[in-house]
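First up is the structure itself, then whatever we jot down about it.
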């Protein structure tokens, strides 16, 4: 394992320090906790958004703390859900009196830890609601299982629900908006390489020189299956086909596209993939309203990408266009 | 070689298509050329900035085309300087009547191709000036050699000279500002892994599981020397020491810091490195006015980073703070 | 009968066992999860072990509640809230008691399992810690009912848990992170079931050493 | 005397030579540069070869200018503008001419070298194409002055260029990409000097075949 780190045990702490030092105008750290909140928290008179999860997904989630997106982000150990006490402190620090929406990705650990924290906060009289993101179409949806994972679509939930909160909508409305995004966003991903959790010291899986892993989450775990490496055009088609199977998109529908790098993918390759996404959507007569390309929800140094498609309506478009000013996502 | 591409011969073309499709509000491509210019080019009444070089450094250079930074970016083949005719077309397309500043990184090929293009443009009556960036302290500076390479410091030249142009300074002034940045910026980099040029198909060099390459450029070439991997604290200290040898920084000096990833480095590691940079600067009593952390001047999928330090004065601070709105660098 | 001192000893031994098996648990999790179960559990029980000294003079309920809160606030992931809730429910079942009789232990165990089910919404057969814990609970209860003493009963419980762990190899995960693998999870042993088994085996071993 | 047809034949032969030596030039560049000299040069001369048919009925100046512009707009890197400038300056020296006499050729060669120096700011001894071209020019001029015919003079020029290439092995690069290697460039032969030698050898061969 080669990494630019000091001590595998201390990566989350040092990273959070590095973030605060880089972006003091945006975020501050709650003393002694792995929680970043807006520099001006709590913001009075608006619903606050708290997200988070394991670390290793940078810039998620701390990078999205700021105007128009999150109020607080809780960082667990690498790929490990944070504990309820930390989330509880985040909720208390950002509540501006209008209540707090917890943005949770659908992992057993995240759901349990965030909901436990929500219960603690409600016991102290804070209004709390939550939404659970499950955009990963690689996993079969079923009431008999844990259901689908939350992956890169989370970024779009942050953006749009964050805008709703910033615009002054109340907790119920912000939750409704977040759920609308969740209902309309689908993601599918693939990778060329595994990644190595610092504390583990070896890659989560092995891939041959001509193999890729398809349908994978964002915690370095293997995907649903393995294939021989294909061209960008073929890979992109496979990912989108899987998405199209799951959400009905017809001619003239408008969508937002997120081509998300997993951390080790050069931007050149993401743009080549985006070129393919665009071709396929055009062929189907679907209109791309907005495209986001970059590393937004990563898995450490994993090389690979995911495509997210969000079906838009007028309300979502307006919120998507709303101003955002955070370390990792800015929109003028 | 595993990459998300279709055909190694076609990566630059497809990437440029992907960029334009992702950011049509920012950039357009000159028909049949590997040139991106602002969507609203030419912008009347302001000096235009043209930069570029080989591809493989994304988001450099096309990602910085937009308000407050570049007007045009010319993309050569991967790691190969673009030809003068392409640069010439870029100059013609962006000139808004106030002249064009060519921002050139100090490589024999870049310098010659850009200057030839400049001559062609001058022959057509366009005012042209150029600056040559040479921020890489790894290479010894000498009048008897080609001199130092231009690397990540280029991003700061784009930002600050771009602001000067946007504010309406004339060509001479914009050039003076760019040269002031060049005179005051120093960069030093290292890598943990090599990178593979698509058309070549194999890595530019080999590194052992416990080795790192220090003092390297951005074209996948080996650095000045090789060492056993060290901690983030030690590496950062080595890089900064080399910079401090070269530029005098005393207590109370104000600097901008760019912790630049080479493409395959997770943001987590860049922030850990930034934490170390911050410690060292604080110890020396140097004030960090602004910090930028991320992948800005990359070498394909290379894992590693560089640190750039720019010594600021009031004029540079004001320009650094100026609004920028480009695909890869936004500042509200 | 488990005295408060014995309870503390058991818990410290559990912490040691988890530490010794950190790598094993992580490797099991690497195969079908995210390679952190050993790390998570060890972080939690290491802190538990340290905290125990501060509460060892309190009642059993308080001791167990401290374990619960420590696990909740240090482990994270899925196993943190699950084991945390288990210990919390167990502690509530024996509030104020200075020692635990067989009935207390059955009740604690029952409440712990109910807590895990309440929190994680899983059932037996979904390839989770419940596949070790539920058969262990049944074995313990059965053994005590037929008159075995507690140390014998925990041997039966640990054996049943061991069988449960073996059983997890044969089934597909439908809860937790391993469920994303679908059929690819078959053939692998569940890390959480394994840690549950290790905990029960440690209880059994401690009780049996005690008797010698 | 070089007629316009002969000039075109020479240039086509040069393109063939570069193609045959693409790998060699790239390998030489891999050792001390960025492994693209053969790729760059071949891309350029392949296009030159195609373009020649469209201008073969024009004057020598126009033909050479076409070569220049084609190299400039297809090669890139350092060698593109350098060879491009060389051909451009040579073309300007023989503007409008339908055939080239010895004096024209000396002037063309001289202007070409001056163009390279102007563009690249290198001198002899910096491990560049100039280390092949300058001795070749001197040999050509000397040979013609002592009364040799053009085909003999180009053999002397090519021989001198070959010696120049050998000389580049012994020195350190102080210009171009190889200069970043410092002393590590010693022992390697310069790719640009090699391509210059190959071009001159092809001119000599073509002229000498012509005479047979």
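Should a chain be cited, it is by its letter among A, B, C and D, assigned in written order, with residues numbered from 1 in that chain.
By our rule, contacts are C-beta pairs under 8 Å (C-beta built on N, C-alpha and C of every residue); 3 or more make two chains touch, one makes a residue touch a chain.
These numbers were taken from a predicted model, which means no experiment stands behind them.
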- Upon omission of chain A, how do the remaining chains partition into touching groups? B, D | C
- Where each step is a move between two chains that touch, what is the least number of such steps from chain C to chain D? 3
- Message: What's the farthest chain from chain A if centres are computed as the mean of the Cα atoms?
- Response: D
- Message: Using mean CA coordinates as chain centres, what's the gap between chain A and chain B in Å?
- Response: 29
- Could you give the separation in Å between the centres of chain B and chain D, each centre being the mean of its C-alpha atoms? 33
- Task: Would you mind pulling out the distance in Å between where the CA atoms of chain A average out and where those of chain D do?
- Result: 57
- Message: Counting only residues that touch at least two other chains, what does the list for chain B look like?
- Response: none
- Message: By the touch rule stated above, which residues of chain D touch at least two different other chains?
- Response: none
- Query: In graph terms, with chains as vertices and touches as edges, which category applies: line, ring, star, complete, or other?
  - Reply: line
- Task: Give the pairs of chains that touch; include all such pairs.
- Result: A-B, A-C, B-D
- Interfacial residue positions of chain B with respect to chain D in the complex: 76-77, 79-86, 107-109, 112-113, 116, 139-140, 144-146, 149, 197, 199-200, 217, 219-221
- Okay, in this complex, where on chain D does chain B touch? 34-36, 39-40, 69, 72-78, 80-82, 84-85, 119-120, 174-177, 179-180, 182
- Message: Quick check on the complex: what are the chain B residues that touch chain A?
- Response: 2-7, 11, 14-19, 21-23, 55-56, 58-59, 63, 192-193, 209-210, 212, 229, 231-233, 235, 259, 263-275, 278, 288, 291-293, 295, 298, 300-301, 303-305, 323, 325, 330-332
